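Note that the chains are named A, B and C in the order they appear, and that numbering of residues resets to 1 at the start of each chain.
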Amino acid sequence: MTALILTVLATSIPLLLAANGELVAERSGVLNLGVEGMMLMGAVSALGIVLYTGNPYTGIVAGALAGMAVSLIFAFFAVTMLTNQVATGLALTIFATGFSGLAGAPLVGKTSESLPKIIIPLLSDLPWIGPVLFAQDLLFYLAFVIIAATSWFLRKSRSGMILRAVGDNHHSAHALGYSVIRVRWLAVAFGGACAGMGGAYIPLVLTPHWSEGMTAGRGWIALALVVFASWMPSRVVVGALIFGGITIMQLAGQARGWAIPSQVLSMLPYLATIVALVVISMRGRSSYLTVPACIGKPFHPGS
Amino acid sequence: MIRLVPRTETSPLYAVISPVAAILATVIAGALIFTFLGYNAGEALYHFFISPLSRIDRITDLVVKACPLIIIALGLVFCYRANIWNIGAEGQYIIGALAAGWLALSFPDTTSPLLLPAMMAIALMAGAAWAAIAALCKTIFNANEILVTLMLSYVAALVMDVLVRGPLRDPMAFGFPLTPMYPDAGLITRMPLPGIGYVGQLHYGVLIAFALAPLAWWLLHRTLPGFQVRVMGSSPRAGRFAGFSQKRTTIGVLLLSGGLAGLAGMVEVSANIGQLQPNVSFGYGFTAIIVAFLARLNPIGVIFAGLLVAMAELGGDNAQIALGIPKVVTGLFKGILLFFLLAGATLQHYRITWRGLHINKEHGETSS
Amino acid sequence: MTLLSAENITKTFGTFVANDRVNFSIEPGSIHALLGENGAGKSTFVKMLYGVLQPDEGRFVWEGQTLRITSPKMARRLGIAMVFQHFSLFPALTVAENIALAMDDESRLSGLRHRIREASDHWGLAINPDRPVGELSVGEQQRVEILRCLLQDPKLLIMDEPTSVLTPQESLRLFDVLRRLADDGCAILYISHKLDEIMELAGKATILRGGENVGEVIPRESSTRDMAEIMVGNAVDWIERRKSHNPANSPPPIFAVNGLNRPAASAFATPLRDIRLEVRPGEILGIAGISGNGQEELAEALSGEWLAPDAEMICLDGRNIGHDGPEQRRRMGLETVPEERNGHAAVPDMTMVENTFLTQYFSFSSGLSWVQRQLAYPDLGREATDAIIRAADVRTPHSNPMANQLSGGNLQKFIMGRMLSTEPRVAVISQPTWGVDVGAATAIRRALLKLAEDGCAIILISQDLEEIFGLATRIAALNNGRLTESHPATDLTAEDIGLMMGGVSEEEARA
């Protein structure tokens, strides 16, 4: 049972990080469909650096930087050059998938150091949750810290408020003197860094080697997760566990011969996301829970 | 800091130059990346762009590969021209293939020539119905179609998975998740070239793609519904002034693009695979989005864009065999090309100016 | 000491003089109204006060010091605050967050919420700081905007047409707040065209017309009539009016609107209330009014872009067409020309031929069956388009340009020509000569007169009084979504029209 929970948690971390980052970008009004590509860049960079330096911690930094670097390409086109965000995001995924494949080719077959587990004294001795939550690696802890920080940032800080304002009504934000372009670049960069770290987690902790497409579509799931979580970081955690948990339940269910096909279980999060989206959209702009109103719309001061 | 300023006039010459410029810029950028990563750029470029055209059977492979991309992209052109962002063509493709497959497998012993047209019809309807879900969500609940169509893609893949491993599975397939083969009446056979005979995998389905493109152009530019699509995408208020309905346009383009994606799914399976398996699409639905943009949302351009993208795909295969470069690297070129094309589209309507950042102490306000 | 005085303020845009040597002064603690029609120069003047624009000539003297107001931030630092007609709010954020974003000092949110509650109690602007702005009514949203200003301790509060979005009760509450502010020493500059409000609220009123300051009035010692006369000027008295038909031998009305009610589609739209009008063939009914009083909403209701709840609300030649869309109305001979050329009357990035097709597609199909109608396409209208271009004398840079390659005047001539080519029986025209050069404007007006002569019933919605008086046989005014009675143009003076536009009823005016 503990093993099961551990597995769920561990496989959720890439999803958590990527969704958290994308959430921030979307709250500022930018839809970045390039998450899968950014995660792959993070994965390949992390692995590459670790093979070179032998120190797995450098992998975390490399992953974040790589994800951020490609996200800036996206920011340049979609935010500054006002290109269509859907197409640009897809271009980013395809580009980054290709680039990471190319960069990763020489790395195939090599195994690297994993991140060591850091056991927190006392807390890790707690029954039930101790070994699961407090005997993990640094990136695991970092993920939760980042999510908590993001939640605080959005809800309580002035900069977070400005970011939310930009995503809600970019013309008003501009009229009040805030730089919509700058806020969005920063939000996209943060999204890239998180996606990169999420991708880095896979070779650093889960499977310490490189294979093409090792993110297995998690980037796309992260996009769904953001909507499912109504663009709130706290709900991303819950959602990631559900999305991640479904996969595990699938395997467990098959082993026990459950009657419901596992694929139907897997469908549920996506169907629930559609329902959640419909409900949110129906209520219009009159509540806290709204689709960021400017999502996907390019901003130009004159328009 | 770069600032975009709207142009007062748009030059029509620009629309022709910018795709060519984008292609050139892509080749250069790609070559640089290859060199940076330690590969021989010249060899790589040869395998990517020249080798697919070097033999007749490679050219037919190109056409075969482009076929589903073209069909799907034609539908997407209508959607995007209307400002409806359907990115679920992947799911609509799968559902279309599934429906056609179900029909074929329900009549395993038939030899009727009606089976194939019936499969096409059901694939069209099923793909359209799948897209209709998103259409309803948008017109009734105002839900963002980008997210709904994307979610539905995942669901479609899972539906296919469940059915192929379950009710539709071939009991004699040694446990592999495969359906039985379609009856011959449900297959699209290979098409011989006059004077040459059968070449590669060239099949009759290719004719559908090449026939649909001018048909799509005709629909977009020579009919009232096509005009409606173009107006609603460009100036919705003028469209309402003309008496056009936003809801009907939304539903119409989604049904059309869903139907065409479904048709592409049916054609691809009937022509190249002959049975259903969990993975009948290799990202065609998403690649077709790239094709639509590469074609600058022009139906005739879709043919060229489809062939170009197919060429990049096949080029990637060749490069993998010859140089050991992973296949996904074609994505590099496709991605860069799309970036440059999209930027080019923006530059058609805006100029770039440089502004410095002024911090004016007296007024305490930054202006840039 | 005078709080602010403006001396010889002049502002020109190209050849258009928006403000022409305007002199103006306002005292602390006073409520001062700025009155004028559209285009009189009110909003340009006020933008210069708030630092959004800079004057070409003249100067401002603030609290005895001559200075240039170079940015809104500087204006705010001086103590000038402004509530615009269109709010800059964020619906998904709370009241407190909205206010925090607009404050120049980076105050902490918790302290701010406390200050908001205090201020709201003190000024009588009831608001809950924690509610998302999207849930508030427009009146409440305006309170947020006002509080934003008040928390910065302004000395001058500028309000641009504030009651255009308020119910009568909310307006009264606003007046209380403004009086309290004035008592506390804050000066209020109140832009409005509503004469009765100015009578009730303002201690002094400055009237702008054609960019000039044409009068300073103390409302208490004056009357709405006087103010209306100054606002409109007497130039219109010199325009020769068109005589309407003698009722005895005029044809019966061909088009009528019977008690049309249209609820506001959005917070900033104007609801239409009990609109009644009728037009006879050959008549031009001019509907005057300051923009924002329901003109667009009325035009949409008449064109079919908005369908009336009851079909009888709109009647064309005996048929109830309230439920018919634009295409059906056009088939019956009702044509409309909307206010906005780009993106409404015409599609900017489509060709002239395609723009003709936009409103005439049903006349190019080869038959009446549904299939035949769907097969119509723009190129079928090439000849028709050429005919329009010739008849309307549209100057094109080359053959078949796109609409956005034509000058404003030429595009408008084309749009008018497109309408005329269908020989409509009823035409609803909005702002036909706005932003159009003199040559094109004259041609368009002449075309409208000829159209009426040929027997068309025309409704002309315009903010240009000279145009209305020059063309209309009968005139009504639209104010706050209500239409006044129409009167023969020959019976109306400049004053009368000013009163009608200013929302003063006949009885009030006579008092």
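In this section, contacts are C-beta pairs under 8 Å (C-beta built on N, C-alpha and C of every residue); 3 or more make two chains touch, one makes a residue touch a chain.
No experiment lies behind these values; they were computed from the predicted model shown.
Taken as a graph of touching chains, this assembly is complete, with every chain in contact with every other.
By number of C-beta pairs in contact, A-B leads when B-C and A-B are compared. For the pair chain B and chain C, the distance between mean C-alpha positions equals 46 Å. Once the centre of each chain is set as its mean CA position, chain A and chain B turn out to be 26 Å apart. Across the assembly, chain A contributes residues 177, 284 that each touch 2 or more other chains.
In chain B, the positions touching at least two other chains are 365.
Contact of a single residue of chain C with at least two other chains is seen at positions 73. The touching residues of chain B, when paired with chain C in their complex, are 9-10, 221-227, 230-231, 234-235, 237-238, 240-243, 362-365. Residues 156, 158, 161-162, 164-165, 168-169, 171-173, 175-178, 284-288, 290, 292-293 of chain A are the ones that touch chain C when the two sit in their complex.
On chain C, the positions that touch chain A within their shared complex are 72-73, 87-93, 97, 100-102, 106, 109, 132, 134-135. Within the complex, the chain B residues that touch chain A are 2, 4, 6, 33-34, 37, 39, 85, 87, 137, 141-144, 146-148, 150-152, 154-155, 158-159, 161-162, 165-166, 286, 289-290, 293, 324-336, 338-339, 342-343, 345-347, 350, 365-366, 368. Chain contact summary for the complex, chain C toward chain B: residues 70-71, 73-74, 77, 303-305, 325-328, 330, 336, 338, 340, 343-350, 354, 357-359, 361, 365, 373-379, 402, 405.
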